[in-house]
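See structure below.
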Amino acid sequence: MAEDKREVVLRLSDITMQFGGVVAVDNLNLDVHKNEIVGLIGPNGAGKTTAFNCITGVYEPTNGSVEINGEVVIENHPQGKMKDAYKGKNAGKYTKAITMLPDKVTKLGVARTFQNIRLFKGMTVIENVMVAMHMNQTESVFGATFRSKKARAEEKAMREEAAELLKKVDLYENRNDLATSLPYGKQRHLEIARALATHPTILLLDEPAAGMNPQESDDLMKFIGRIRDEFDLSILMIEHHMQVIMGICEHIYVLNYGGQIADGTPAEIQANPAVIEAYLGGDE
Amino acid sequence: MLQTWLPYILAGIAVGGQYALIAIGYTMVYGILRLINFAHGDVFMWSGLIMVYLITVLPLWASVILVIIFAIILGTTIEKVAYRPLRSAPRMSIMISAIGVSYLLQNFALYITGGLTKTYPAINFLQKTVKIGSATTKMVTLITPILTIVLVVLLVMLIKYTKIGMAMRAVSRDFETSSLMGIDINRVITVTFVIGCALAAIGSVLYFSNYTGINPMSGAMPGLKAFVAAVFGGIGSVPGAVVGAFVIGVCENLIKGAGWTTFSDAFTFVLLIVILMVKPTGLFGEKNIDKV
Amino acid sequence: MVNTMNKKTKSVLSVAVILLFLILVYLGDTVIPAGSNWKMLITVIEKGSIYALVAASMNLLNGFTGLFSLGQAGFMLIGAYTYAIFTIPAASHDAVYQYFEGGVIKWSLVEMLEGSLGVFGHYLGMLIPMLGAGLIVAVIAFLIGIPVLRLKSDYLAIATLGFAEILRAFFQWNTLGPVTNGSNVLRKYTTYGNAIFPVLIAGICIAIIVLLINSTYGRAFRAIRDDEIAAEAMGINLFKHKEISFVISSFFAGISGALLAMFQTTINATPFNTVMTYEILLIVVIGGIGSITGSVIGAFLFTAASEWWLRGLDAGRWLGISATFMRPGFRKVVFAVLIMLIVLFYSRGIMGDKEFSWESFLGWCKNLPANLKAWPEKRKAKAAAKREAKEAKAAAKARAKEAAESNAARMASGEALFTPLEVSDTVMVFDKEGK
Amino acid sequence: MKKILVLALSLVLAMLALAGCGGGSGSGGGGDTVKIGVFEPASGDNGAGGKQEILGMEYANEMTPTVTIGDKEYNVELVKVDNESDNSKAVTAAQNLVSQNVSVVLGSYGSGVSIAAADVFADAGMPAIGVSCTNPQVTADCEQYFRICFLDPFQGTVLANYAWESGCKKAYCLSKLGDDYSVGLVNYFVEAFKELGGEVVEEQFPDKNSDFTSYVANAKNKGCDVFFAPVSTEAAALIIDQAEAQALGMPILAGDTWDSNVITDAAKGKNVDITVTTFYQEGGNPEFDEGIKEWMENNSTAMTNNGGNTDLAAVTALGYDAYFVALEALKAAGSTDPADVLAALPSLKVSGLVCGDVSFNETGDANKTEAFVKHCNTESGAWEFVKTQSAE
C-alpha cells in the first residue's frame, strides 16, 4: 500500500467505545489526510455512527485518542468501574483523560451531519445556516440585543455569507421557507450547507445518501466532490450506498461488530474476502 | 438519646411509608410515560376527600373499598382524557396538561369543600394511642411501614413474575419496540395508573388518619415530596422510591426535632438538588444513553 | 394594499398605537373615579402588564430556549423583596420592622435621591432598586444555573421548582428578619402613582426580550430548543447559552417581581409559591409557547378573567344568570376547565408561535368577512375530511395490528433475527426526549 | 371540532367582556340601595373563620335590612368578595370592592390580608372597619382603617399574664411562617412572658404543613409547660389531634382564632386542655344568641358555613357588631359617600352591641380593655367561661 504523503488532519488511535458490556467500537485506527475523502462502511450496528460520536465529543470513548491537525484533543482510558469491565485492547496504552464538548470540536474545524436529519425545525432555511455562524460572531449578548453597530455589521455579514452559501447548494430560492418544508433531498443538502457554515476543515457526513434514488445519489456524489474542492475540505463519510462510496472515496475503512476488519482503496476493499463475508453473511 | 429522638423517628417512618405509597405511582408512571404526573398528589387528596363524604352514608370497610375504586377511576380517566391524546405531542405539553389537571382538581375541591378543611373520619383502630418505649403515638404509625412493605413486596412480585409485569418492564425499557412486539401499550399504561392510584388511595387512608385535616392543597406537598422520593431512589425503580420516601420522611422529622422547623420542607428540595447533582439517576436508577 | 406597506408606515403606526394606549392608560387612571366599575379595567391593565412581563420572561426560557423551568415565582420573590427593602421610608422602618427593632437598613433610596435631585431623584430612586432587583436575581440565577442547567427537561423543572421553594423558606427565616422582616409583610415602600408606570416598564422590558429573541443569540436559543445535539454540533456552547437565557429571563422576572411589589403595596413570601408559577406557565400556554405576543395577550386575558369577568361566578350572579351553584370557588372551577380545554384542544394557544405583525393583522381584518361567509362550507369540508381521516386511521390501525401480530409471530419463531420487522405507518412514535 | 371550540371560546370571552362592563353599570344605578363591602376570606387558610364572620353580618343584615340616611330609607346590600386568605389576591379583591361603589368596607378576618389591602382603601379614600384583624399594623399609618376588636399587644399580654398566673414557667410558642397574625401574636406574648420572668421556645411551621408530630414532640422534649399556638383553626385541629396522640400533657393556649366550633369539635372527647382569649362570651347577650341560632337552624347554607352546628364563634358576634357600626357610621355621615362616612367614623360611639360598646382612639382602634378567657370542656364539646382579664 502506497504511503499517503499528505498531512494527517484527523487520526483515531485505538478508539474503543464500550457501553456496559457491549463493545460498540473496538480498537478503531483511522487516518484522514488533507483533502482526502475517506469512507467508513459496515453493516448495520457496526459502530460507525458511534465512532462519529466519539470524534465529535458526543460520547467519551472508553479508550484511545483522537488527534485533529496533529494535536491530541480527546483521549481516554478505562477508569472506575470500567477498569474491570473493559474488554478491549491497549488498556494500558493511554493515561490521560482529555474530553471535549461537541461545540469545541466544531470550533476546531470538525463539522458533521446526522444520519437522521437534525435540522432546526422551527427555523427557516437561511436561519438554519446562520445559526451555524453564530459561534464565529464576537458581539456580546448585550450588544447584540441592543443592535450595536458591530452587531448590525456582523448580522449583515452573516446574512450575506449565508445567502452566498445557499446559492452554492441551490437552496437560495428556498431561503425563507421553513427548513422542514423542504423535500427530503434538499434537507440533506441544507444539512451539509449548515455544516459548511461553521467553516470546517474536516467534514463528517453520516449517510448523506440515505433514502436517495440512484440519480440523486449520483448528484450527491458530484456535490460532495465539488464542495471538497471548493471549501478545501477533508471528508470522512459513513455510507451504505456502495455506488457512492466506491465512486468518490480514496480510502475506505470497514467495520463489523465494532471491530475494524479491513481498510484500503475501493478496489482493495471490493476484493477483500472478509468484507464480502461481513456483508453477505458467512456460515453462522 | 434514643429516648429523645424516638418520637421523631417513629413519625418519620410513618410519614415515609405514606410518601412511599404515593411515590410508587409517580415512579411507575414516570418509568413508562416519562411524565411527572403532577396530578397524582391531587388524586391522593381527592381520595381523602371522598372518604369524608362516603363515611357519612356507608360503613368503614365499604368506604375504603369505594375510595380505592374511586381513585382508580379518577386516575385512569385523567390518563385517558388528559394524557393519552397528547402522547405524541412534545414532552412539555403533556407536563403542562398534568399541571392543568392538578389545578382543576384543586379548584374543584375548593369549590366542593368551600375552601374549608374537612376532618377525616376517625378510624378508631388506626387512631388508637399506643406506647412504644418513651414515645406515645397512634396505631397508624406502626401499621403504615408494615403495610407499605407488604404492598411493595407484592408489587415487586407482580412486576417480576406476571405477564403484565413483564410487559411493563418492556415498555419502560423501550416504548416503540414494545409496541412493535405486539404489547398493548394502552393496557400497560392503564394498569400502571390503576396500581399507582390504588396505592395512593391506601396511602390517603393512612396519611389522613394520622393528620386528620383535608383541604384542597393537602395533596400538593405530600405529592411533591413523594416525587422527590421517587427521584431520590432512582426514577422508575419501585424499591428505590420506597427507600427514598423513608429517607425523606425520617430526615424531615429529625430536622424538625433539631429545631430547624423553618426549613423542614425546604430540606426535601435541598436533598433533591443534591441527588440530582451528585447522582442524577438516583440510588437505584439506571443510566440510559441518548441516541444520536 | 396590505402587502406594500413599508417599514416606515409600520413603525409610525406602531408608535402611534403605543402612544395612544399609554395616553389612554394615563388618563384612565387619572380620570376614572374610584367607585367606577371601569376602575377594574385599570387594575387589570396594571396587573396584566406585570404578568405579561413575567410570562414573556418565562416564554424566553420555555418557549424559545426549550428549558422547562418552574422557578419564576422564586425569582419574582427575590425581586419584590429587593425592591421593597431599599425603598421603605426611614420614618416607617420602626413600624414595618416592628419585631426587629426597625431592621438593619434604615434608609430609603427614594428619599435619599429625592432629597438631592427632586422629582427626578424620586423616580431614579425607584428605578435603581428595581434594576438592582433584576441584577440580584440575575446573579442568584447564575449561581443556581451552574448546577441545574445541566439537567434534562423535567428534572430541570422539578429542580428549579425546588429552588423556588427553598428561597421562599429562606426569606421567611426569622434570623434574616432584620432584613426581610421574617414572616411579616413588608409595606410602606414607595409605589407608583399612575398605572402608566408598570405598563411602561413592562413594555420596555418586553421590547428588550423581543430584541434579544431576534438577535443572533435568540437564534442560538431557538436552535437549542429545536435540537440540542445539532445545536452543539454547530458550535453553540449549550451551557453558556442556556445560562445566558436563564439569567436574562430571571433578570426580567426580578423586575416584574419589583413591579408586583409596587402593585400589591405589601409583600410577603407566602404567595410566591408553586401555584403562582403554574399560573404564569398557564398564561404562557394560553398565549402560545414561543410567542411573546401570545404571552402578552394571555396575561391580560388571564388577569381580566380571574380578577374581573368571572368574579360574578363566585357571587351567584353572572351575565344575568343567578344560580345557587355559583358560590365561592365556582369561578376557579370554570377557569380551570377553560384552561384544560385550551391545553387539550387548542394546545398551540392563541398565537401558536406567531408574533403580531401589521401585515397579518390587516390581512386578517380584511379576510374576516370572507372567512366568516365561507365558514359553514369550510366546516362541512372539514367534517368530510375528518370522516375520511377517521376511516383511514381505522384502516391503518388494522394494518398496524396485523403487522404487530405477524412481528410477534416472527419474533417467536426467531425469523426476525434475519429480516427486519415491519414498521407500520401508524405505529405510535413516542419521543422520549421530547424532540 | 377545534374550530367550533375556538369559536365557542372566543364567544364566551366576548360575552365575559360584555358582562364585565355591563354588570357594573346595571347595578350601579340603584338609588335606594346602599352597598356595604364585605372583604373576607371564603377560602384558603382562614376560610372557615371568614365565613363565620360573614354569618354575623348576614344575620344582622336580615334583622335590619334598611337604614335611614338623612331622611331617606336605603336598602342595605352586602357586596361580598373573597380575598382567599392570600395577600396577593387581597389587593385585587379590595380593588374589586372599591370599583363596585360601596360606601364602607367590613373585614377582614386575618390581619395579613387587611394590611395588604389597606393601601387600596387608603388610595380610594374608602373607610374600612376591621372586624377581627388584631395585628396593630392594620390601622397604624392607615387613616382609612378602623377596627372594633382588641389588638395583639393587648391580647398577647393578657395571654402571657394568664399563663404566668397559672404557674407556667416555660412556654412553647408555635406560629406559621408568613402569617402576620400568628407571628405577631407570638411576638407580643413572648415579650410579655419574658418580662414576667418566663422562658420561651419559639418555632414556626411552613405553609401547607399538616404534620405536627414533631412540633408536639419538641414541646415535650424541651420541657415546656404550656403550648401556645395562636394559629389558624385548620392547623389547630391537627395540633389538637397530635396533642392527644402523643399525650402532650400541658395546657394549650391560643388567641381569638381558636374560639370556634372547629376547635371544640376537634377537642371533644380528647384528653386536651385548651384555653383561649376571645372577644365574646356566648350567653353574654341571650337575645342575640337565640336569634342567630334560630336563624341558622332555618338556613342550611348558614349552618354549613358555621361548620354544621349552631355553636357560636366570637367572630360571628363581631361580624354582627361590625354591621351595626357601619350602619351607625352611615347614619352619622348622612350620606352614602365614602368620604362622608370616613369623616364620621372617628367620633362615632356605638352602644348596644353584643361585644361591648365601640368608640375609636386616634389610630382608629376600638377602645377595648377586656378579653374573655374561655376553657374548652372536652366532655360536652363547648366553651366554658373562665374570667375576664385585662392587660394590667
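Every chain is named by a letter (A, B, C and D) in the order it is written, and numbering of its residues begins at 1.
Here is the rule we use: a contact is a pair of C-beta atoms (placed from the backbone, for glycine too) under 8 Å apart; a residue touches a chain by one contact, two chains touch by 3 or more.
Just so it is clear, the structure is predicted and the values come from calculations on it, not from any experiment.
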item	value
Length of the shortest touching-chain route, chain A through to chain D	2
Partner chains that chain C and chain D have in common	B
Chain whose average C-alpha position is farthest from chain C's own	A
Comparison of B-C and B-D by number of C-beta pairs in contact, larger one	B-C
Between chain B and chain A, distance of the C-alpha-averaged centres to the nearest whole Å	46
Centroid spacing, where centroids are CA-atom means, of chain B and chain C in whole angstrom	30
Chain centre separation (chain B, chain D; CA means) in Å	36
Computed distance of Cα centres, chain C from chain A, in Å	40
Junction residues of chain B - those touching two or more other chains	110, 114-115, 220, 262, 265-266, 292
Where chain C touches two or more other chains at once, by residue number	169, 172, 174, 229, 328-329
Multi-partner residues of chain D (each touching 2 or more other chains)	42-43, 177, 204, 206-207
Chain D to chain C touching residues, read off their complex	1-6, 9, 12-13, 15-17, 19-21, 23-25, 28, 42-43, 79-82, 86-89, 91-92, 95-96, 98-102, 112, 115-116, 118-120, 123-126, 136-137, 140-141, 175-180, 183-184, 187, 202, 204, 206-207, 338
Parts of chain A lying in touch with chain C, wherever the complex brings them together	56, 58, 101-103, 106-107, 111-112, 114, 118-123, 127, 130-132, 134-137, 139, 141, 144-147, 151, 154-155, 158, 194-195, 197-198
Sites on chain C touched by chain A in the complex	208, 211-212, 215-217, 219-220, 222-223, 225-227, 229-238, 244, 248, 290, 353
Footprint of chain D on chain B - complex, ascending	4, 7-8, 11, 15, 110, 114-117, 119, 127, 129, 135-138, 210-213, 215, 217-218, 220-221, 253, 256-257, 259, 261-262, 264-266
Residue numbers on chain C that touch chain B, as the complex places them	62, 68, 147-148, 151, 153-155, 157-159, 161-163, 165-166, 168-170, 172-174, 229, 274-275, 278, 281-282, 285, 289, 327-330, 332-333, 335-337, 339-340, 343-344, 347, 404-405, 407-408, 411, 421, 423, 427-435
